[in-house]
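First comes the structure, then the notes that go with it.
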């Protein structure tokens, strides 16, 4: 038993109890004939509708999802639909990057008295879905391999940080260290071509501190676990946005964090560096100059120009200096021009919906569910209680299908809506190189477009867009759909 | 032992001929800005390239996710309250060759065999796969910066866990059977005899062996790490960088922990019991039904992982480490955490 | 679980277009369903008894009824399963009437859809948990919003029942529209004479606190425990000192202030008392016309006032009252008729509204009860009444009938003849709606005894003939010919719409309103007094058009609802509220930040911050559940897993 083959498509409705469910009742009482495809899930309020329910339905076989709540202003719970409006709008703008036609999801407002309006909405939406036809199944997507073009132009000169005031920084840290539990920075890792986080507790630890384009990690990830303790952190511009965002959400206290910053001149894309180095046994030499770094491994010299080998995020970075800092050394280079679309997102933009579906399926198949993406993310604050592995709520099974893996990525991306600072740690951490940052970048783009250019992590005092609302939304035109 | 030779350009053809009768898992490069190499079934049209894989081939015997059983509830036509539960718990296994893994990968099968086959309980699912598995291992053509196989009882030419060794020589490959299974397979392959090329193969193997830096002495590791058990400060310091993800353990050829969940028991009338990889680095690993967690902190979890590999596993299984020195946990770690450094720090007590 | 499924035929309502037996047979194949049947009327007494019996016979621990909307009968069936010993939340409904059988005739599709809705309900029920209501105290005090006849009646009945009442009235006096009427149909008795005593009762009742010239600023809380902030608008007169003597109004030099109480048919002073019988009888300064407030020069009233009550510095004041129930009785306003260009769009002084005409008829009105033309003060001879101005008119978005216009027009025609025996009244009408007690008889008298000429047809144009008359051009659709009447005065029976600001008040009350601003009742037939917000009731025209007897009846009905609510010392809270899984909570505070009711707080739990829900404040919207990223706060009965079960039942099977 399922939808009637050839006659119906699978359409799921989420309706608030007080207005729209009543409106559907009113339509029934008026014997207002409607298509039979829709099945309604009753919820108390449109604010109860986690956008993930909609994604789950769309990824698991629904051909369309219709959400309806009370008209803005009429919410039985005063404000639920205002929040819903923002979340549903961001979801709608998120769907295309996944390869899902955004017309498969609509949201509208229908009151308990508007039976006729409900009839029209159902009829129109059902017709819209029938015009689109049955939704393609993610699991059946064909293989598609495409790789982002990394030939990018930076908004500022990229360099290797060789004039950075490292000695001054070390001095400043040593001075502050007595009042701090530790200061988090970077050190050389297993060889001179790789770095790792450094936790400085004693003055001699500070000697290990390094600065330069190998310092790829966003150390803000460690801050929430130190909440309640006084710690210092060394940041690049991008990292400081994560610190700001953590402050905004109250996940760390301003008084407990001492931020040390130096201007960032870009970081290296270690994936491509490692690729170029190939198998080697020993790093003989790492030599920096203004434009890049030369790494000699097993006697062979490899040249990496910053303009060619920087991380994708660095090219469009407009915050080389820290957004906030207690100890600020050096002057950041000026930023000129406007950021271009990030490379992976630009690649997806160039694809059709079905190509994006195929692209993601091809990529997600190799995910091993190690959750390095999540754990490297400074904004993943659920930490040990992520819904990915819980049974109550039971959002994900442990199956290794591409759909389940992809659904997790959409959960992560949606949970980051209005919060992701684009640090790219998720993608960098992925051991199998899945370009998942693009999903977060699309969310960030949707948030910026919808909420007056809002960029997370720029202002600790701002209200995150999805944690608030305005009665009149300037850029949400949801009413256009069901006129 | 039987040996065979084939020219370099026949590599794909040789794999294709093996794939006629079985699933052949080969290392496949996944194109992306950040390339990775994953073992995947060979299919027509593929070109075989023998890169070291990012993820160990343990998938062949211990899939990331496998269905242990499916069940369906069949209702009595007359009385819906009478339900007949139909179970299917037959292991799903097929004849498989892992082709072109490295000695560190192959040694993983030997490490997994002990708990799954040699202990008090034989795992039928593992056993069904293992019985039908042939491992064709490429001797290592080079040594990597994170490689330390020779520290832990393996080496670039170690045969542990392999059925056949494959060595690249100038212009071709030499195959050398290690086990009877390997003999049988090689005997059936219509390839040139490898004997004339064995000298070249041995030279190639020796060249790599010679590149190895001297290994530290880990003979005291089992006791010394056990002695660290209550040194919380030590483990906390070593673990500060850890993000508690599962990259290290899922990449590891020797990690064999799993989780079991029942799924699909919705209105779908049928359900399935799944076994999936689990990671001891996750706080969920030891969270009990009561909510109590025996290993709340990541330091405790790291202690467990290191101790298991270098102390308790050897204690249980004849002194063998459950670490092959493949280095995957180092270079795939998002923060480049180095297990070698932790082990060395653990055995070199202060001042020692 | 052991689930029983009941597929209701609802006579032929469902059975006509859904194969109920087949749905029941399919339901029997769903997991955990041990019993499925298809009764004719599940909600009827035998139907409910059958459910109770099945629960016992088949040891059911959950029940699904597929029938009408849960908005209709969910409470009914919850009580049914409860009688048989189940927890009332171990019950789910599938709506196969309003959402299936009534909206399509395709039996195959309907049957399939009905079965799927049952499947969803079963899937959800399998995730349901028994929930238990907590009880809480009731503040036995009621707020009545609106001091018209409906609000007055509700306030008096509650006060009579011993309940303290807070009565809030937007205008300076209670009485509402009825206080402006001259006489009332069908008895033609004096409006002031029958309403006046009730107003005095309000003033004299020790149980009623009246806030006149006040509006509702905000409302928070929930049934039994609302907190209401009332804005006392600035009157510039200290009412605790004002005795209502009227000395100020006599001396006030600003005598050209439009008289709102008289529907601007006359002028009054800047400081004024609405009308002689006003309750409370207190003066108010109209700031738009007060010389002192506009120019700083005057102050005559302050000098005149014997008690020194005038205070030009006065500001709005906010007062807070706590109540357990609220009656909304905010009445109506007239449609803006000036949008009708064909009636002059407000340009002809002798085209007036029926309410203005009431003021002209009234002995306490600006003309002392003499009917005179606003243009020249002369008595009219021919008076033309036009019905349905702003009623039953789709073109201006007012398709509904205003209900009482036919009757008051007949009354006004009768009164016109009484006042001016040689006058002639004409009534242009669409249909006569006179369905109340003694109504039709009264309307016939207007025709038969008072010679009112009724013309069935619409007026197409009114224009002045230049000689002091208005030419009313229309059609007599009964005779099928054009009609032209030379009128001295035209009275428009202007339709009603919800009072200005009703929508804003509805939002504060968290109740629904329809597209015309009328408040939505819980059920149009069976719950005409209740709203969907517990503890909020409706009386009078705010809920829909009605005349005085019906408004009074609904006022009493609302009072009865309040009294029955207050008959219990404790109320049961709805257990469908959010619950925090304290283990999963990481105290990120996102739920606290977004909760519209302030129902979530952070607290210290063994040295760690955790969130907790204040049970009586939580309204059960579930916004927090959709907000919490780790799913640590779950709305009971609508948990993630319950909704996921429904989605999966649809999408994955």
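Chains: A, B and C, in written order; residue numbering restarts at 1 for each.
The rule is simple: a contact is a pair of C-beta atoms (placed from the backbone, for glycine too) under 8 Å apart; a residue touches a chain by one contact, two chains touch by 3 or more.
All values reported here derive from a predicted model rather than from experimental measurement.
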Original post:
When the contacting C-beta pairs are counted for A-C and for A-B, which pair yields the higher total?
Top reply: A-C
Original post:
Which one chain sits nearest the middle, judging by mean Cα positions?
Top reply: A
Original post:
If you average the CA atoms of subunit B and of subunit C, how many Å lie between those two points?
Top reply: 71
Original post:
Roughly how many whole angstrom separate the Cα centroids of subunit A and subunit C?
Top reply: 46
Original post:
So how far apart, in whole Å, are subunit A and subunit B when each is placed at the average of its C-alpha atoms?
Top reply: 32
**OP:** Pull out every residue in subunit A that's touching 2 or more other chains.
**Re:** 383
**OP:** Send over the residues of subunit C in touch with two or more other chains.
**Re:** 119, 583, 648, 652-653
**OP:** Note the residues in subunit B that touch 2 or more other chains, in rising order.
**Re:** 264
Subject >> Parts of subunit B lying in touch with subunit C, wherever the complex brings them together >> reply: 73, 75, 80-81, 264-269, 291
Subject >> subunit A-touching residues of subunit C, taken from the complex the two chains share >> reply: 26, 69-72, 95, 97-100, 102-106, 108-110, 112-113, 115-117, 119-120, 503, 506-507, 510-515, 520, 532-533, 576, 581, 583-584, 586, 588-590, 593-594, 596-597, 619-623, 625-627, 629-632, 634-635, 638-641, 643-644, 646-648, 650-653
Subject >> Residue numbers on subunit C that touch subunit B, as the complex places them >> reply: 2, 28-31, 33-36, 58, 119, 122-123, 126, 583, 645, 648-649, 652-653
Original post:
Along subunit A, where are the residues that touch subunit B in the complex?
Top reply: 145, 147-148, 150, 189-191, 194-197, 199, 217, 221-222, 269, 271-272, 274-275, 279-283, 297, 312, 344, 363, 366, 368-372, 374-376, 383-384, 389, 391, 397-400, 425, 427-435
Subject >> Of subunit A, residues touching subunit C in the complex >> reply: 1-4, 7-8, 10, 12, 17-19, 21-22, 24-25, 27-29, 31-36, 39-45, 47-50, 53, 56-57, 60-62, 70, 73-80, 83-84, 87, 111-114, 119, 249-251, 381-383, 385-387, 390, 392-395, 415, 467
